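Common to both upcoming complexes is chain A, partnered first by chain B, then by chain C.
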Partner chain A sequence: MADFNVNVRGVGSVSVIDVKGYLDAHTAPQLENAFNQLIDGSKYKVVVNFNDLSYISSAGLGVFMAYVETMRENKGDIKFSNMQDGVYNIFDLLGFPMLYEFYKNENEAIEKFKESISK
Partner chain B sequence: MQTKDQNSALRNLSALVDFSNVINSSLDIQFAFNNLLLTCLGKFHATRGCILIRGVDNLLNVSSSKGLTQESLNSFPVVKFSDYGSNKEFQAFLKKNRLALTQKIISSDGEIGLLILGERIDGSNYSDDDINFLKTILNIAATAIENARSVEKLKLLNRELDGKVNQLRSLFDLSKEFSGILEKDMIGKLLVFSIIGQLMVSKYAVVICDDVKLEFLENKFQHEKLEPALKDCMPAELKQVLQTDQIINKYSKLFELGVSLIIPMQIKGSTKGLILLGERRSGLKYSETDIEFISSVGSLAIISIENANLFQEAIEKQKLEKDLELARNIQQNLLPNKIPQMKNFEIANINKSAKQVGGDYYDLIKLDENRLLFAIADVSGKGVQAALLMANLQAFLQAVVKQNFPLAEATNLINDLVSGNTTMGSFITFFWGIIDDSNNVLTFVNAGHNPPLLIRKGEITKLKKGGMILGVMETVIPYESETVKLQKDDLLILFTDGITEAMNKNLEEYTDERLEELVKNLEPISAQNTLDEIIDDVNNFTGGAEQSDDITCLVIKNC
Partner chain C sequence: MTSKTNNINKELTVKSTTNNLAIIREFVENIARESGFSKEIVSKISLAVDEACTNVIKHAYKFSPDREIKILTQFNDSKLTIRITDSGDKFDPNLIPEPNLKEYHKQKKVGGLGMFLMKKLMDEVQYLTLSGNQNQVVLVKYLA
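This part shows the complex of A and B:
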């Protein structure tokens, strides 16, 4: 089974989830745990850094669908950054750019959260 | 003059070549539109123009424009390609925006749309030459537009194909994953993740249902409202995919909760669960392909869930079997493990349980040097409940026997004890007796048990004296005992109804008559011989049919 790794770190008031490897039905529950922990800790501003993610399946995408509303209801969001083209194509194919913000790099995404706070 | 015409023709020609080169250099349709418009505006000195392309619905859409304000564009009327010439609103639009010239764009595949140009900046009219030139340009452009459109179509097809590939990959991913999971919750979770990820859905529920209950594996709808609403529509009866229209018509309550697609999960045509989905966040409708996809993952999931259930049941059954095995051992230990020796009596017995734990009971207890107490009983019901009551009876009997009461009085006591310890409807048929080596006397009490047979020289006496079945009520009428002086070669046969009601494959019973007929004519060779003859005859009769009742038989012979 291909490896998957998820790591959560805080950057100011924003939480960054680093995902690595293969995100599929098998590994989706790990990402889910990460989101559950963030919600338990009332952390709703999330940037997912896809720099080291090489594959994502529908089940992986589903995790983002399952949590985005909770985040937004609590004045947060899930934003995506550092996505490889292959991974982005899957998001794009399924229409995700309509619902989510994608950024070239993590800092841009974090900045975006800060902007919305200052507004 | 001629030179001027020639020059003009030459300029036109080179402009056409240029245009042709440029417009065919790209397959981007917007680029083609843009170029066409700019070329026309430049050539004819017009300040505005637009391209209207006919859509699949035959309506004209503004695909590109120059020099028209957004406000004007917003006021573009709904007009069919076929009647643009007579459509008043359309003509008014042209007039208002000072659009003077309309030309059809025609490709080899047919009429694509219209090119519309504004008035010329110097106010002059378009000449015939201009119009001819424009037609030539449009011919070239039409081919380029057609090519670009084909490419767009291909791109779209490609994307659809990518979508299909992606769905297949998800299916494959899931089938691989589901096969390894035996927890229902996990299966439900992966199922919804895959669906909502694939189709961008944020409201969903997965329900497992049978005729009586609903089990929600996942639910993002209002639970307290969804459950009753769903119960009303008898989920196990839903066999078809229900789309929004049908939900609105038939199950408006569900629609009000936001359910816009219901997909049954079936095994062999019967519905075992439902997937309920809200609208897609993209605003798109669920396509046939989407529904196929959801049905496919649903089928995968329900089979895995069924497997998980079966696995759980198997584990529980195994555990139960282990418990029963244990109970069986305990029960076996309650029965006598060896037959006490008597001077004047031979004893043989058999005890076979139909189930792992049974309700038949017999006992042999040496009271003193000369006297042996024997008992046989059949506890109502079967299985664990009967076995427990039997264990009770055994305990009471062992305790009462130690008190050395006369048999009838001891029976009163046993009945009181059993009555006080049974729940409604449980009872025991019971027979016990004492044989005495010193005087060959038998004393017995029969509490509603199938009368044991005393056989003396081919004559049968049924031992009936006693009283009521044990456990129905506390002793009101005392039990009575009877005493019989036994003779040499007398046979005593005690049995439970497992013998007389043994069934063959035609569901016929062995019957008391057949037993009596058999034993009446038996030579009193030995107790074991008599027992063997009985069992052989019963086995011959049943022909190996599986028996539902315990079989117990005790034979005592006076030698």
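This part shows the complex of A and C:
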């Protein structure tokens, strides 16, 4: 069984999703649930912290593609942080760096949201 | 410890459910490691096989859970061949265009990414139709 965990935390007006373990076609629905709950709660500023994620397949990448427009249409975004090289390489292969922001750490990503608010 | 053992043939048959993807990856990773591939390449091979099997579960079997996926591996002359066989709906890879990634993201269309990744991760990807209404994806990686 693939071991996967998703946890959502609020940091001010930003929601941080911690993903842990293996994100594949079996576990992707758990991440979809997390996004659906955020949208239900009108929370559109999202940072996904990948620190503990060891594996991602296209089923996992597809979740971000499915939700990013909704977030952006509502003055939010999905930003990524703390990604391991192996996981980043897969995002890179599929062209994500052209359209998504990647940060070394979570705080940088959260700060970016604050900057866009103060503008 | 074994490394670069020649002529390893192994087989795994599992039911067509996504919770078997972890078992499939572990099976393939062990074989790739035993064949002498680096950790980085082992991960690539494992992901490619995950994508192939996910496609079988989603598209060939349409999430019907009691069908079978057979994975056959062969390591010979520095060449690892992985054959993934199903008896579900036939699939024509030519109908799926190579995605233009920028357009792809805009279209919000989620699908076809697995095929694209498989091509990027493996040295050869081939789709075959076998007798008895079976489909086979053949993935090849060479030990550099």
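Just so we're on the same page, the second predicted complex is superposed on the first by the 119 of 119 C-alpha atoms of A that agree within 3 Å, B and C clash if a C-alpha of one lies under 4 Å from a C-alpha of the other, contacts with A are read in each partner's own complex, and residues count from 1 in each chain.
Definition applied: a contact is a pair of C-beta atoms (placed from the backbone, for glycine too) under 8 Å apart; a residue touches a chain by one contact, two chains touch by 3 or more.
This structure is a prediction, so every number in the text was calculated from the model and none was measured.
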Just checking: does A:Phe50 make contact with chain B only, chain C only, both, or neither of them? Give me first, second, both or neither. neither
Does chain B (first) or chain C (second) touch A:Gly60, or do both, or does neither? first
Using the superposition on chain A described above, determine whether A:Glu69 touches chain B (first), chain C (second), both, or neither. both
Who does A:Leu93 touch here: chain B (first), chain C (second), both, or neither? both
Which partner does A:His26 contact after superposing on A: first (chain B), second (chain C), both, neither? both
Could you tell me if A:Phe80 is touching chain B, chain C, both of them or neither one (first, second, both, neither)? neither
Check whether A:Tyr103 is in contact with chain B, with chain C, with both or with neither, and answer first, second, both or neither. neither
Set of chain A residues, in rising order, touched by both chain B and chain C: 24-26, 57-59, 61-62, 65-66, 69, 90, 93-96, 98-99
For the complex, which residues does chain A have touching chain C? 1-3, 22, 24-26, 55, 57-59, 61-62, 65-66, 69, 86, 90, 93-96, 98-99
In their complex, what parts of chain A are in touch with chain B? 24-26, 28-29, 32, 57-66, 68-69, 89-90, 93-96, 98-99
Residues of chain B touching chain A in their complex? 159, 162-163, 166-167, 169-170, 173-174, 176-177, 186, 189-190, 192-202, 281-282, 284
Sort out for me which residues of chain C touch chain A in the complex. 17-19, 21-22, 25, 40, 43, 47, 50-51, 54, 57-58, 101-102, 104-105, 108, 110-111, 113-114, 116-117, 120-121
